[in-house]
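Here's the structure we're looking at; comments come further down.
Chain naming follows the written order as A, B, C and D, and within any one chain the residues start at number 1.
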Amino acid sequence: MALERWFRRNRPTRKEDDNAPAGLWLKCEACSAQIYRKDLVANAYVCPECGHHYRMPVEARIELLADAGSFEPWSGGIQAEDPLGFVDTQPYPERLEKNRQKHGRPDAIVTGGATLDGEAIGLVVMDFQFLGGSMGSVVGEEIARAAERSAQEGRALVAVTASGGARMQEGALSLMQMAKTTVALELLAERGLPFVSVLTDPTTGGVTASFATLGDVIYAEPGALISFAGPRVIQQTIKQDLPEGFQRSEFLLEKGMLDDVVSRKALKERLAVTIRLLRAGSVAREREKGVGRAAAL
Amino acid sequence: MPLPFEKPIEDLEIKIEEMRAYAGEQGIDLSDEITLLEQRLERLRRDTFDNLTRWQRVQVARAAGRPTAMDYLQGAFDGFTELHGDRTLGDDPAIVAGLARLGERSVVVIGQQKGRDTKENIHRNFGMAHPSGYRKAMRMFDLADKFGLPVITPIDTPGAYPGIAAEEQGQAWVIAESIRRMSRLQVPAISVVIGEGGSGGALAVGVANRVLILENAIYSVISPESCAAILWRDAAEAEKAAEALKLTAYDLLELGVVDRVIDEPVGGAHKDREETIRRVREAMLAEVASLMPLDRQALEAQRRERFRALGRFRDAA
Amino acid sequence: MALERWFRRNRPTRKEDDNAPAGLWLKCEACSAQIYRKDLVANAYVCPECGHHYRMPVEARIELLADAGSFEPWSGGIQAEDPLGFVDTQPYPERLEKNRQKHGRPDAIVTGGATLDGEAIGLVVMDFQFLGGSMGSVVGEEIARAAERSAQEGRALVAVTASGGARMQEGALSLMQMAKTTVALELLAERGLPFVSVLTDPTTGGVTASFATLGDVIYAEPGALISFAGPRVIQQTIKQDLPEGFQRSEFLLEKGMLDDVVSRKALKERLAVTIRLLRAGSVAREREKGVGRAAAL
Amino acid sequence: MPLPFEKPIEDLEIKIEEMRAYAGEQGIDLSDEITLLEQRLERLRRDTFDNLTRWQRVQVARAAGRPTAMDYLQGAFDGFTELHGDRTLGDDPAIVAGLARLGERSVVVIGQQKGRDTKENIHRNFGMAHPSGYRKAMRMFDLADKFGLPVITPIDTPGAYPGIAAEEQGQAWVIAESIRRMSRLQVPAISVVIGEGGSGGALAVGVANRVLILENAIYSVISPESCAAILWRDAAEAEKAAEALKLTAYDLLELGVVDRVIDEPVGGAHKDREETIRRVREAMLAEVASLMPLDRQALEAQRRERFRALGRFRDAA
């Protein structure tokens, strides 16, 4: 479970931007090339040498996809409660407060309206740095609201996922967000508005098993871990090594689960093209409907 | 094998038995003593089961001898006719589905089935479904919609199976699809958590108009053991995790996750299977009857609203 | 392709009832027991010793499923043309005429109305003895009519299939029967009437790949060969031995393709129970509909 | 490599080339002779291709260099965006599907793809789809219905693959389902047989409102080779079988199996790919335009009636 990895990793508090190793220079974890950190950031967190896709901060993601100046935030108006009075090594409210402080947002998600190459969209971006991108009541509610508002405003919905799964500190309520986000997509479907999901590293557990894989079209970034159960859980269950590339984007493409693996560089254009092609149908339908059975074949 | 906290109860039961045997052998009258002991037993049972800790309820929910989905299919319904296969990948024994009569009505039943012994447990994969199982469930949803049959789903699974084939075949995808498909049903749907409601693997067949739960059943986002392994790095802390997760029937009722708790006989469902099955049957009959007047749109809308509303949050500071 | 087998087998003309070896006594092809022929027939062509299911004549099948005296034939009013002027070792019309004479029906199918344990059904039974049960225009049309008439008369439809596939002597027109039979089932679906198919040995090719596998519930008899491509074709293609039990009912049940394998003995009751359970829904819906949203939850 | 009956044409082409080269080398004017030869070539081409036997058309339909589905996807449409996978079993390269623009309209395209060389042929399994391919097609039908996009299916397959995995995964089931799913489309659907329309494997994506066919394409219930193997016990009798099966474009038009034949350039599609693609594009544009005025119900009804009506029979004597 990616969540477990997240917990382990985050014991020793890390630098502000956890998406790429710190320092002026870094050694690429994929190709071992020495990269100038600024070059990596300028290249949308893709290794300029080998194309390895690093996780990227929410703000950079929005900048990547939304047309300049078009993003208008919708999320942020709500924050989590502690419905279970959950305490592990620290109380849930404290954990939340630290994350709020550190990441400057109420929870592991940002949503908003934007244009993407001119197309009106609702944009959902998950923040894996905030409690492992786990989906509790707030994440679920923000996604549901974004889907509903997009439907009302006639926007396509684009969701960029990154999550360790459900937020166990909210117990069964977090499980229920899987159903909540799913039913919230229905309004979009009823209005013939596309929902395109973009799965990024890592997308696991309850997020993968709900709205993330219900995209009309599903794209994934190269090399992303995408799963229901995490590799460690599976390894513990079956006591065997996992196949090479197991649960990575390319593997899942081969298994028929993805529409395509799209590099970050090509992502915006591909989303624009896809949304345009899907939306053109309802436009044509609108224009030509009502003529009915008049024309004989 | 009694559960740990059942030991005093069992000891007392044995004592009463022994006293009875002794009285018979010796031809003496110990009926007053026996009656007293029986009253004590009854009190002990009640005290124990009225005050189970969450972790103890987890143990009851998983107890050997607790009625499984198949026991309900055969005991609470008539003429259960099993339908096999998902028409795609196979036939998953962890999910048992088919047609049956509940009272006067035909229904579609989709049950998650653990084994009643080791052999069956292996055959049923301990009630952990593969994607094939959820595809079978979706095929049943289609059948139910087509023929206007209410859907009943007895839930009892540790979770969807975490394995290589399951991931390759899109476990996450199929759970998501099943959630959506079930939410779109045009017929009444009732879920009954009869044992373990394990995470997404349970929810995949739990998007019902009414979600019922047996008194000692549990429904959780994660098993206490896995939760403990993550939070305290020690699966042995499961008891602590069970407390923290608030996964019992009455916890869930308070959270709005379930709509109704069905009382178990004192001593737990495994101590009086028939009575448990009878109570579940009564509850299902009542719930189906209450939903039948709703038309297709109303049923779908109610289900959608029910799940849309779940969650707790407040305005950001 | 089972059709090929049929052609090979049928070169030397066989006795009237080709479904079981001729003679007073026969040796069971499955258990080698000596069986008295009349016992086999009396036991619905199931070996009394080992339960091996032999193919059974159409009339015996109708007797097995229809309540006594309830069967009223619908088919027989049409016969095949020769749209291609097809000649192989003999002209198609001659082949047809011989089969008509021999089997006493216009083509490889009998349909009719009946009751099955009191349930009103349309019954379709294919005749494998007639040109390998191949589906040409007449077979397709009779199935389509039976489906439509059942829908109109409020009957469930039961189809007992046995076919080598499409009838190549009618070329692409026989291929089109796959679509024709499929669309004819739509009326049943629209009226909420069940279609239960019973696949018997052998059901292959275009029949398997159309109406036969579109049953709301699909049963098969034990040991039946059911396939798209026949075992010989596959063997020729892949040049490998086929797995044990490949393409047999029990194998397909395991692969998720069948609702159940049902012995001939249990078939009538199982069909009755299934049809009753499926039909009860629309009855209840009918009775209780219209109350609408009145009752609050 | 020319087809056998193309040999005289190719010989003449070579002769003209040689004469041109010779004239150039020698600096003499042979233009009159060349013009004469070119006229003869044109006549020879026309005579040959106007009088192809059915078996020769089969060879043209399968000729190397004949435009494949992908050639149309890239040449007749704009902005083809491939979508992969069936969300169940895999991604079958024998069926290429996605979104594209045809003129002003967005459409869903589902093409059966043979290889353009040996390597691609192996990758594409010679255009023979597995169940996964048909499941992908069905997913595209769902997408088309949801977004109101017309469906175009270029057909070119020897047939659905006859193999162990294909049978295990329900090849027959998925073809039947695909036929039904396509017949239920609520959008215009157009099939174009561009090469080989091989039996159920072709029909699975051929249940369209309008079925077009290229002049030298074929559409048959069985391949001539298999037919010959069954009827004459000799695949070499394929020529005879091709004649008997009446599988050419104009045969099929007469039988009502196809609605329209698209002429190929003289010499066959493989001799002028661009012009062929242009003509197919024009035909598709016209057909989509003619269907757009129909509403959902009318489109479904027309498709249903079209296929319901196919077949030839008479009253029994």
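Structure notes:
Just so we're on the same page, contacts are C-beta pairs under 8 Å (C-beta built on N, C-alpha and C of every residue); 3 or more make two chains touch, one makes a residue touch a chain.
Everything numeric here is computed off the predicted structure, so don't read it as measured data.
Shared contact partners of chain C and chain D are B.
In terms of their C-alpha centroids, the spacing between chain A and chain B amounts to 33 Å. Here the spacing of chain B and chain D, counted between their Cα centres, is 54 Å.
If you average the CA atoms of chain B and of chain C, the two centres end up 41 Å from each other.
Listed for chain B are residues 87-89, 135, 169-170, 173, 177, each touching two or more other chains. Residue positions of chain A touching 2 or more other chains: 255-257. Taken together, the touching pairs give a contact graph of some other shape, not a line, ring, star or complete one.
Chains that are in contact with each other form these pairs: A-B, A-D, B-C, B-D, C-D.
The touching residues of chain C, when paired with chain D in their complex, are 1, 3-4, 7, 76-81, 83-84, 86-89, 106, 136-138, 140-141, 144, 166, 168, 170-180, 182-186, 205-206, 208-214, 226-229, 233-234, 237-238, 240, 242-243, 246-247, 255-257.
On the side of chain B, the complex with chain D involves touching residues 87-89, 135, 169-170, 173, 177.
Those residues of chain B that touch chain C in the complex are listed here as 79, 81-91, 99-101, 105-106, 132, 135-136, 143-144, 146-149, 187, 209, 290-295, 298, 302. The touching residues of chain B, counted against chain A in their complex, run 160, 162-164, 166-173, 175-177, 179-180, 183-184, 199-200, 203-204, 207, 219-222, 226-227, 229-232, 244-247, 251-252, 255, 257, 303-304, 307-308, 310-317.
Here chain A touches chain D in the complex through residues 189, 192, 194, 216-217, 253-260, 270, 273-274, 276-282, 284-285, 288-295, 297, going by the rule given at the top.
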